[in-house]
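Attaching a single structure in structure tokens format; questions to follow.
In this document, chain identifiers A, B, C and D correspond to the written order of the chains, with residue numbering beginning at 1 in each.
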Amino acid sequence: ADYGQRPEVGYGKPVADADLVLWNIDIHTPDGANLPAGEGTVPAGKLVYEQKCIACHGEKAAGGPVYGTLVGGIGSMTKSPRVLTPGSMYPYAPILFDYVRRAMPMDAPQSLTNDEVYAVAAYIYNLNGLVPDDFKMNATTMARIEMPNRDAFVRDNRPDTLAERCMSDCKPIGTVADASKPAAAPR
Amino acid sequence: GAALAGAGLMTGSVAKAAPLPIPESNTVMGDPIPAESYGLPTEFEKHVKRRRSDVFKNKQNFSDWSMTPLQHQIGIVTPNGLFFERHHNGVAKIDPDKHRLVIHGLVDRPLEFSMDDIVRYPSVSRFHFMECSGNTLTDWREPKSVTVQQSHGLLACAQWTGVPLSWLLAEAGVKPEGKWVMFEGGDGSGHLRSIPIEKVMDDALLVYGQNGERLRAEQGYPIRAFFPGWEGNTCVKWLRRIKVVAEPDQIRGETARYSDPMPNGKWRQFSMVMECKSVITSPSGGMSLKGPGLYEVQGFAWSGNGKITNVDLTFDGGRTWREAAIEGPALDKCLTRFRYRWNWDGGPAKLASRAMDSTGYVQPTVEDIARVREISGFVQHHNGIFPWTVAQSGEVSNAIA
Amino acid sequence: GAALAGAGLMTGSVAKAAPLPIPESNTVMGDPIPAESYGLPTEFEKHVKRRRSDVFKNKQNFSDWSMTPLQHQIGIVTPNGLFFERHHNGVAKIDPDKHRLVIHGLVDRPLEFSMDDIVRYPSVSRFHFMECSGNTLTDWREPKSVTVQQSHGLLACAQWTGVPLSWLLAEAGVKPEGKWVMFEGGDGSGHLRSIPIEKVMDDALLVYGQNGERLRAEQGYPIRAFFPGWEGNTCVKWLRRIKVVAEPDQIRGETARYSDPMPNGKWRQFSMVMECKSVITSPSGGMSLKGPGLYEVQGFAWSGNGKITNVDLTFDGGRTWREAAIEGPALDKCLTRFRYRWNWDGGPAKLASRAMDSTGYVQPTVEDIARVREISGFVQHHNGIFPWTVAQSGEVSNAIA
Amino acid sequence: ADYGQRPEVGYGKPVADADLVLWNIDIHTPDGANLPAGEGTVPAGKLVYEQKCIACHGEKAAGGPVYGTLVGGIGSMTKSPRVLTPGSMYPYAPILFDYVRRAMPMDAPQSLTNDEVYAVAAYIYNLNGLVPDDFKMNATTMARIEMPNRDAFVRDNRPDTLAERCMSDCKPIGTVADASKPAAAPR
């Protein structure tokens, strides 16, 4: 009778927002909400990068032993292959802050100071031609960077295929290439 | 009995040169039972392993994946030791006694839970498949995989046990503005996904049990989110933080990753549900048929939108289809096994399966998908009909093209 | 939301002295994915092991048993590594490529099968429990076991895959005089049981798959007999010989063993079916309740005669009973989980479960069983209602008496 | 449609009875059918026993480090505990041949010759007082030994309990001891 119903008990203990300051690190990237205080420059970011990132991502973030380039690809979204980098792909600049802070350097995630994250983000976006050499990256400036891929995202609208259950006299299984040929006349 | 085909029965019972010997195993003691143990497969089944992605090779093995040997899976339950993996920074190690789960954000009462707190709730157990959104990514325009482990092995099925997430969110008290829920992991990537509140309140679970035991570390021990029928990466492992929000943060994993290339440079995002799909696991790539005769064609069908109602098979590349038997229990959002008795005439054949689910959705071909999406080098949600060819030699090969 | 009981919610959200620290697992790389693997449980679950009989201690560990940790089992599927064992001369080691299965005796066509022959047949997969006829043997007149692993751990459940035995017998052609079928194992005890042909032709399987993979050596690799709902020892492991006979051979395992003491010095033999039974696994012996409040009472019910239709629970030693919820899928001859939300008032309580199956049979008490059998020092088929007491301290103890 | 139905094929290969001579070793114990040729005496059995069995079963089969007695217990079936030995428990004498041949010595099953099995069986049954010192055990004589427990076996006639699904005001859960008290008056 009560199977699957919520029980009339709760075992959660109250927790205060103040308890979660070290936890609550996700950035609302469209507007930069929750970006912390701090600031970083391109040259400072170059230093951070060369100390903590270059081993994996290579000289000037152009690709290293364990990961491809972090630079370029802007304008490639209508080409094949699309080249995916923070510059070309991220719709909102603060995504880079959020990701680097939580996940990079891969061998020591969450080890960078906020200033270091701002700085290395300035360096990477500068290499991508999105911010000038003298840019000062902080909570305000980061949220304002105009990202080329900003309007490229659409929400899921599947089902988008409308296959039918044909049992006999059907069109043989097609290929990706067949899809670009004109559709067969209705049968 | 009825007349039987089969070579053996044609000849009489002529005695062999020497009688069958007594097997050695009957004449020696077996291995004794140890005081305590957690058993493992026999050495003769050593080849049945989950394997790291070896068609698409990642340059490091921390943000990487391993694949379930579907060609060896028997029944619908995937043994935990063979359950596929996808991690973004390796397998986190978490002491359950120290682990804390927090619910905060747009709630009336932010809450903190220990594992002892969580397991004290009543629980539910449900059988569901789990599939990675990138499953079958190597095989879109042309055959890259040899085996079905390589092509479809980011797929597995288990009985999951845990607590409905809706209970804990109701306990925290979701504010009216709370429309999405963010889930964050305790791994070195801080993996994070935002989920619409409707799904969370519908059938989402906080799971700590898988196939009769606590989660393995690779599956998020001590606790993970589980969204039945939704892509594996939404089911955040090593779960430590749940935040109710008004709209998603749009972080990297919600924009630059787990989004699907669409025409005109667009990207489809928050494409969570794993639509109806199926694949023949036997015969499948790398196998070899031993001459004409009866073969039971077997495979899996599954849908993130409901139950499997029908599976059809073609042997002539899609011109004609015949209905396969579905073996029960055929559960909601669960791997479902189909079987069909095929008499191979020894000639070349092109086999494929096509599943239909309880919403009436029919599994498309890659051609159908390619007409509406622009998948280029970044394959997600490839649920296309997957053909294998059987050559006259009996060799079975990947026939995607 | 609704008003909630639970200590946490009574107080406001006062910040702690120091904020919650970032867990170490978020700040380091996890373990990388190896090229290939067969995963194992985490080190934090090391205590979840199958354990050799440690209440009744055998003097050697070849004809001995190990027991499933039911108190830790989540869901209805027992992980293969925790599946209980009963061997008569240790775990046989058999190379599947060399293994031969023979069917002979009262048949028209004696036949020999390799493993390749057997797996070539179409197959079926079914979920069924397996229980040893001696399960609960240590706890009849007085409590001997502390935990439910010790008292009931000769019980487990799996999805079994294989070939209906009826097909192979039909292929060999059973002569009209063939009324029983003998099954013999390839182990060092040459374990042998005879089964009435009706059961063999009804739902018996020749199984090679268990829970998604090939049988483990401990469960009879490469092949065993499986008789749904019948005592585990009938499901001969490492099966190598099937002989159709007119009547049983009445060997030791059919007379001096696996027979049940009855009044007047008699022995009941060929008592195969495992009748309807249930046990509460949580709370169960050795656990300790942490103060009054809500507890989800959980356990298993099963019947070798059909499906579980009802499970009732008592908290007052049998005076009153309340119906528990049965969690689906509730399958034929399969472990079925029951759940009941119990508000413990903190006083002493005596809990037990009582199952009913689809034949209408109700699980008896030990008193009921003792009235009709004369179980003395050789307990078989003890399916009695099994009580646990909860002391005021919260300690849970075996209350059989 | 054909799910679970027997397929129209068979993969068994014919095998001749002659191929199975080493396999077909089970004895039909009620009449000794399939007992092989061979013979053994009590003194010969004592020798076999002392070489191959005594380590586990002890002096004169009275119990050893890994197993209890193989001797005695006749007449104990209506007592508690019942003492179970080949002498007291086996309804048919050839059970001992079948079991020893297939399973003993536990560390080398199927290693004894048929003569050795007959002999050790003669020794064990002699210790149990069932055959005289000069007994010659063979296919014919073994099947004729009169076993005290012969008529003790009844076929399964369960369900033998008739529990009811009482929900309230029920008799509390009883014990084994309660079963020997007079049954409660019907409620």
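What we mean here is this: a residue touches a chain if its C-beta (ideal position, glycine included) is under 8 Å from a C-beta of that chain, and two chains touch if they have at least 3 such contacts.
Predicted, not measured: the structure shown is a model, and the values here were computed from it.
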{"item": "Centre-of-Cα separation between chain D and chain A, whole angstrom", "value": "72"}
{"item": "Distance from chain D to chain B - Cα centre to Cα centre, in angstrom", "value": "49"}
{"item": "Chain B-chain C separation of Cα centroids, rounded to whole Å", "value": "27"}
{"item": "Rounded Å distance between chain A and chain B, as computed from the means of their C-alpha atoms", "value": "26"}
{"item": "Chain D: positions in contact with at least two other chains", "value": "2-3, 7, 9-17, 19-20, 23, 102, 106, 109-110"}
{"item": "Shared-contact residues (touching 2 or more other chains) in chain B", "value": "4, 8-9, 13, 20, 26-29, 60, 62, 89, 102, 109-112, 120-122, 124, 170-171, 188, 190, 240, 294, 327, 339, 341"}
{"item": "Graph class of chain-chain contacts, one of line, ring, star, complete, other", "value": "other"}
{"item": "Full enumeration of touching chain pairs", "value": "A-B, A-C, B-C, B-D, C-D"}
{"item": "Touching residues on chain C, where the partner in the complex is chain D", "value": "59-60, 62-63, 88-89, 102-104, 109-113, 117-118, 120-122, 124, 140-141, 164, 166-168, 170-172, 182, 184, 188-190, 192, 240-241, 243, 245, 247, 249-252, 255-256, 259, 261-262, 264-273, 275, 310, 312, 314, 317-322, 350, 352, 354, 356, 361-373, 375-378, 381, 385, 387, 400-401"}
{"item": "Interfacial residue positions of chain B with respect to chain D in the complex", "value": "2, 4-9, 11-16, 19-22, 26-29, 293-294, 325, 327, 339, 341"}
{"item": "Of chain A, residues touching chain B in the complex", "value": "2-4, 6-7, 9-17, 19-20, 23-30, 65-67, 77-78, 80-82, 84, 86, 89-92, 95, 98-99, 102-103, 106, 109-110, 149, 152-180, 183"}
{"item": "Of all residues in chain C, those that touch chain B in their complex", "value": "1-2, 4, 6, 8-9, 13, 20, 23, 25-42, 44-45, 48-52, 54, 60-62, 64-66, 72-83, 85, 87, 89-96, 98-100, 102, 108-112, 120-125, 127, 159-161, 170-171, 173, 186-188, 190, 208-214, 216-218, 221-222, 238, 240, 294-296, 298, 327, 329, 331, 337, 339, 341"}
{"item": "Contact set on chain A toward chain C in their complex", "value": "1-3, 7-23, 102, 106-111"}
